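Per-chain residue numbering starts at 1, and chain names A, B, C and D are given in the order in which the chains are listed.
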Amino acid sequence: MTTQDLPATSSRRRRNIARCRSIGDLRSAAKRRLPRAVFDFVDGGAEDERTLRGNEDAFSRLRFQPRALVDVSAVTTETTLLGAPSSLPIVVAPFGAAGFSWPRGDHASAAAAAAAGIPYAMSSTASVTLEDIARCHDGRRWFQCYIFKRREITAELIERARSAGFEALMITVDLPVGGNRERDYRNDFSVPFRYTARNVRDFAFHPGWALSTLFHGMPTMANLTSFEGVSDVNTAASTVGRNYDPSFDWDDLEAIRDGWKGKLVVKGIARGEDAARLARMGVDAVAVSNHGGRQLDGALPSLFCLPEIRAAVGDRMEVFLDGGIRRGADVAKAIALGADAVMIGRAMLYGIAAGGGTGADRAVEILGQELRRVMQLLGAPRLADITPDLIARADLMAAL
Amino acid sequence: MTTQDLPATSSRRRRNIARCRSIGDLRSAAKRRLPRAVFDFVDGGAEDERTLRGNEDAFSRLRFQPRALVDVSAVTTETTLLGAPSSLPIVVAPFGAAGFSWPRGDHASAAAAAAAGIPYAMSSTASVTLEDIARCHDGRRWFQCYIFKRREITAELIERARSAGFEALMITVDLPVGGNRERDYRNDFSVPFRYTARNVRDFAFHPGWALSTLFHGMPTMANLTSFEGVSDVNTAASTVGRNYDPSFDWDDLEAIRDGWKGKLVVKGIARGEDAARLARMGVDAVAVSNHGGRQLDGALPSLFCLPEIRAAVGDRMEVFLDGGIRRGADVAKAIALGADAVMIGRAMLYGIAAGGGTGADRAVEILGQELRRVMQLLGAPRLADITPDLIARADLMAAL
Amino acid sequence: MTTQDLPATSSRRRRNIARCRSIGDLRSAAKRRLPRAVFDFVDGGAEDERTLRGNEDAFSRLRFQPRALVDVSAVTTETTLLGAPSSLPIVVAPFGAAGFSWPRGDHASAAAAAAAGIPYAMSSTASVTLEDIARCHDGRRWFQCYIFKRREITAELIERARSAGFEALMITVDLPVGGNRERDYRNDFSVPFRYTARNVRDFAFHPGWALSTLFHGMPTMANLTSFEGVSDVNTAASTVGRNYDPSFDWDDLEAIRDGWKGKLVVKGIARGEDAARLARMGVDAVAVSNHGGRQLDGALPSLFCLPEIRAAVGDRMEVFLDGGIRRGADVAKAIALGADAVMIGRAMLYGIAAGGGTGADRAVEILGQELRRVMQLLGAPRLADITPDLIARADLMAAL
Amino acid sequence: MTTQDLPATSSRRRRNIARCRSIGDLRSAAKRRLPRAVFDFVDGGAEDERTLRGNEDAFSRLRFQPRALVDVSAVTTETTLLGAPSSLPIVVAPFGAAGFSWPRGDHASAAAAAAAGIPYAMSSTASVTLEDIARCHDGRRWFQCYIFKRREITAELIERARSAGFEALMITVDLPVGGNRERDYRNDFSVPFRYTARNVRDFAFHPGWALSTLFHGMPTMANLTSFEGVSDVNTAASTVGRNYDPSFDWDDLEAIRDGWKGKLVVKGIARGEDAARLARMGVDAVAVSNHGGRQLDGALPSLFCLPEIRAAVGDRMEVFLDGGIRRGADVAKAIALGADAVMIGRAMLYGIAAGGGTGADRAVEILGQELRRVMQLLGAPRLADITPDLIARADLMAAL
């Protein structure tokens, strides 16, 4: 990555980031820096945001019963994901909003993942091209792809990902149509920005973001600019999904499976039976996800889908989980209930918005430190020691 | 319908309605336009309003587990209700408050239902006559009837409904006496309006509503004006139920059943055994309802009555549900638990109060759009695909 | 009762009382009229007031499933309690605080009970003598008695009750020592009043109460003034229980049972096994009670004790319940779970404090009206129709 | 103890302490006297403080069903702990924060425990030496020890404890690394104090504490000052655990067990299987604890661990519990669920911070008075009468 790709973080901002001790602190810093409409786009969910809140609440309802007197002097968070090593059971989730958070912020996530030794899943709607990412970062790279109505777009994107050496393809299946994200409508959040009176005032109160964005330009969906009639109308956040193909089904996925030689991950699964069918198809991993509460409001928190899905697939495929990860303890809870890894979206975006590359690094660092400490306090020096019995049975709380 | 029947919606108000993206937005707009006492009459419930809130909370406690990879390019919400087609599994519920929300607002609901292709259930206490409705609207029309102490009123109303071509009769059985609606008492809400100092000030702060109502006249119970001694004392919202007959029982219903050749719906059922008895009597449909929390405070949310009632009647009769429907997702949840359709009361009234006919159309449009989107996100392209297994089992949340 | 016994209610206050439509309204009126320290003494409970709140919350957690199409034109709340008729399944609970709420306020409860045709249970710590009550009121009268360390006091009180013609004796067993009522300590609430700066200011802000109390004199425990060394030190609210006998046990109760020819009620029972033993002893009724949350904070809400206790005693004895009754619906819920009647303490005290005799009458009137309406809405024209199946099973709410 | 060891409590402060009627009142007094950073160090927990709050909430969720008609004139709270008598089922928990709350505040706890006749568990990180404690107080003394990376420190501390006549050794096993206490980081709380602008202002607003602390000197970890390189860097609250040995395991504990002739207690156990293994090893008692919510946020409230642990060890060892004890009723609940005694940490610290020795005495006095009253109200005159059936079964609340 070259410095002109990702604007540097000022030293004052770097000091602020260093003082952030939790993902919550990074979120607060992001909220201060971003215009309200941009923050809401990152932070918000669909309709009444019940699933958004439910994802986080689910973690807070589980309780640990730690093991005592285990030698935890040598804790390791290392694991194998999709056949290759990862320093943490964490994957950077694909998200299209990085460019709104920091100019060409996708480089920040990719660099942070590479530096930390964890996989980076690039979004097909990122603000930089997949070839750029491949050229600038030597870490593990996965490519997330939506299914477009014009199928040739999907085909060409997959071919470009193959040719750029992405090791895994991640197909998102919970976005046949866009979610009903009312915050964005209320904020008139769309691209290209309509410079309404409210927007301009919002920007004026956040000069750091505004000057930087004016200087570097509004983000585009760089991977799609070569497709006529897509990128220009499709960049509107409020029209997300308009070009996605609601007819995409099991047969279409099978065709993709047949044409892709690398690893294949399907993201957006909430049912054991769907996961089992994917396993039978030879898909390598499933990502339990409700798109961070941005699609179907009322969807079951992804953590609560996890036991059913792990039971359905056994050890025939890897299981990832996203939605609501804000603490190292959340990572441990997901693993205890059957996940191989979690994927972090907002946690990373808060970091990027708070301080570009410095913030992205800090987000991964915080979660890693918290996870290691939690493993020591749990008496679980390796990830394999984070077993379901570390989670207290519900009847201990309710049945007294 | 002629324009003098339903005052037009100003263009400014039409723009406001277009910006409303949810029933909640329409409610906010209604709250701004209506005097407090009128809004409370529409919005409020009995006593401590536990059932009122419970109806909405019940929906928020259910969680979806959507199906992935289903072709949802062709979603249809069409269904058959009482033997005839409906474009949505939605019926406009009967309510007497439309005239307070907009001059002759009943025409707004009837027109919106006809335009959307869904049934309209007219209230016997509407502000326009049933003959007016029959003359002005060519959609599907059902007639709701209370049982009056003077039984000849009921008989004559039913005869008029038959002669005006209403296809179904809906008998409300949860109002043997009026509910204890304390907001109305606190607001001195009654008809004819006593012009107390508080009322006048309340009106002065809502000039749009006040001028329109002064110009078009206070609403009356138009169907009842021909009955001496009923309509004048009976129009008081706070004396609702005073003329209803608490002795009405199974035998009386049987007599109505025998005398009515069209479809018969009984509204206000909360128990499986009552629904089963209605099925044995040959009643065509039951409406699971607690009168929107306006009658017995403490009644079980109607959604929670639904599984027991569907189990009791099997497929021998249709089951409708009202109470708490604010989102398309709520419609889907009711269907998943066994309803054939939902009935919308407040959702429609908020629309009417916010913008007359434009608001009524918008209320149906919003719920239809939301329902279609939810069906796509659920992987359920037809209503028959919204099966109970799409609702997460409670133990997934509680038993971890 | 003579007018000098109970100060009249002013016409302005009578109008205010008439506008109160719920016990909650009476509570608000009481809060305005009483000094803070006095209101807290009436309204408060022990320690963290968990049981106080729990009593009310318990009712709010039950949900009705009403019966439809029952003839409810002739509703009756009449019942038989302790072998004699009562117009309502309601008993006025014994309480010592009436005199603080209104000069000689005990006459207000006694008169309201007599006028309504329900039993009045007089407290041994009332502000008027039992002979006064017997002389002034011709309704049903029960006498509540604490067990004093000086047993001759208890014996003499019981003898006086017998000779004054009280039909039942109610022994309170949940006050072996006084509860830890921290509001009273914080408010320096004690008798004789120490005129602290805070008290005087509190009184000055409540001149209606203060002038009336100054004119009529601070209340005393009139039944106890003949016992040297008891009434003077014992009138302090904050020292409640100091003279009660913590050694009182089953044998002592047996002795009382043997010496009293009238009906015997034991108040303050929370366990089925205790109730069953009382039934075997020949006690006529048990009052399920936690002393309104004023004694053991953390005690199970009395409503939740009820099913176990009814199951333990079958129909061998009557079961009353107090604690948290604020609505007619609460009375119906208690009956559905097995109570023969409820006892009202605070509901009556709020009425007395709000408006003396007028307020006391209004409290009974409100609960009676609400109960009749609820019975009509439940499809339960007689108390015997309020069966357990009218309460929704918990799994209807939780197990979806 | 000599007067120069523990600064006296002023007469004004003694009057304030006398007015405190609950541990909550002592907490409020402590909050007023202590600088914010110091109060937070005492009061706070790890990360989101879910376990901190959960510990207290757990007690509030249990409900009593008291026994009636038991002679409770002679209540005794006496018991036997580790083979010797205690006047209460309460042990003063080890804590290092006493010196921050009051100059040499450890003497206050030791003296209060001795005066009350209950055991005092001294912390290895106390602000006074164990030899000082042994010389000044003749009550029962236990010595708590952390396991240091430099094992010779642990060995020497244990030897000093033996030689100073401490009867029991308590090994803390839930601190292999320090917890993530974010309040301390936010407050820049560390020792030696960095005199930041914020700290100085904080001190200026709490002159009572500041003058006293300046006069008597900042507390040190007196037991560790003889070990070069430990006490100076190790006194920082924010670096707690940095010198503790995360490799300490079952074998190491066995070695300690073999070398110590007195009673042995292991503190920080949350699982039945761990407690059973300790019982097999011959450990005398286990302290169920999550370190007051200061270590693993998300740990199950210790009260909810208790039934499993008691079931696992039967009567082979004593079981203590700490975490969330704020009322005498909490002590009774812990005993009902299987504890032999509770340990009080914050409850005592609030007392010390509020008023030195006077406050420490008051904390024990309040809990003792509350416990005796609760036992009387429960109908349980001896601790053995506090049986599990006094706790209401959960289904009484949930299953209606």
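FYI, contacts are C-beta pairs under 8 Å (C-beta built on N, C-alpha and C of every residue); 3 or more make two chains touch, one makes a residue touch a chain.
The model shown is predicted, which means the values in this text are computed figures rather than measured ones.
Of all residue numbers used where chain B meets chain C, under half belong to both copies. The two sides are thus made of different residues.
Among the other chains, the CA centroid farthest from that of chain B is the one of D. Computed from the mean C-alpha positions, the centre of chain A lies at a distance of 60 Å from the centre of chain C. Averaging Cα coordinates per chain places chain A and chain B 42 Å apart. Contact with two or more other chains is made by residues 62, 398 of chain B. Chain contacts in this assembly form a single closed ring in which each chain touches exactly two others.
Inter-chain contacts occur between A-B, A-D, B-C, C-D.
Chain contact summary for the complex, chain B toward chain A: residues 21-22, 60, 62-73, 327, 329, 333, 370, 373-374, 376-378, 392, 396-400.
Looking at the complex, you find that chain D touches chain A at residues 47-48, 50, 54, 58, 61-62, 173-174, 176-177, 179-180, 182, 185-186, 245-250, 253, 266, 268-271, 274, 295-301, 304-305, 307-308, 337, 391, 394, 398.
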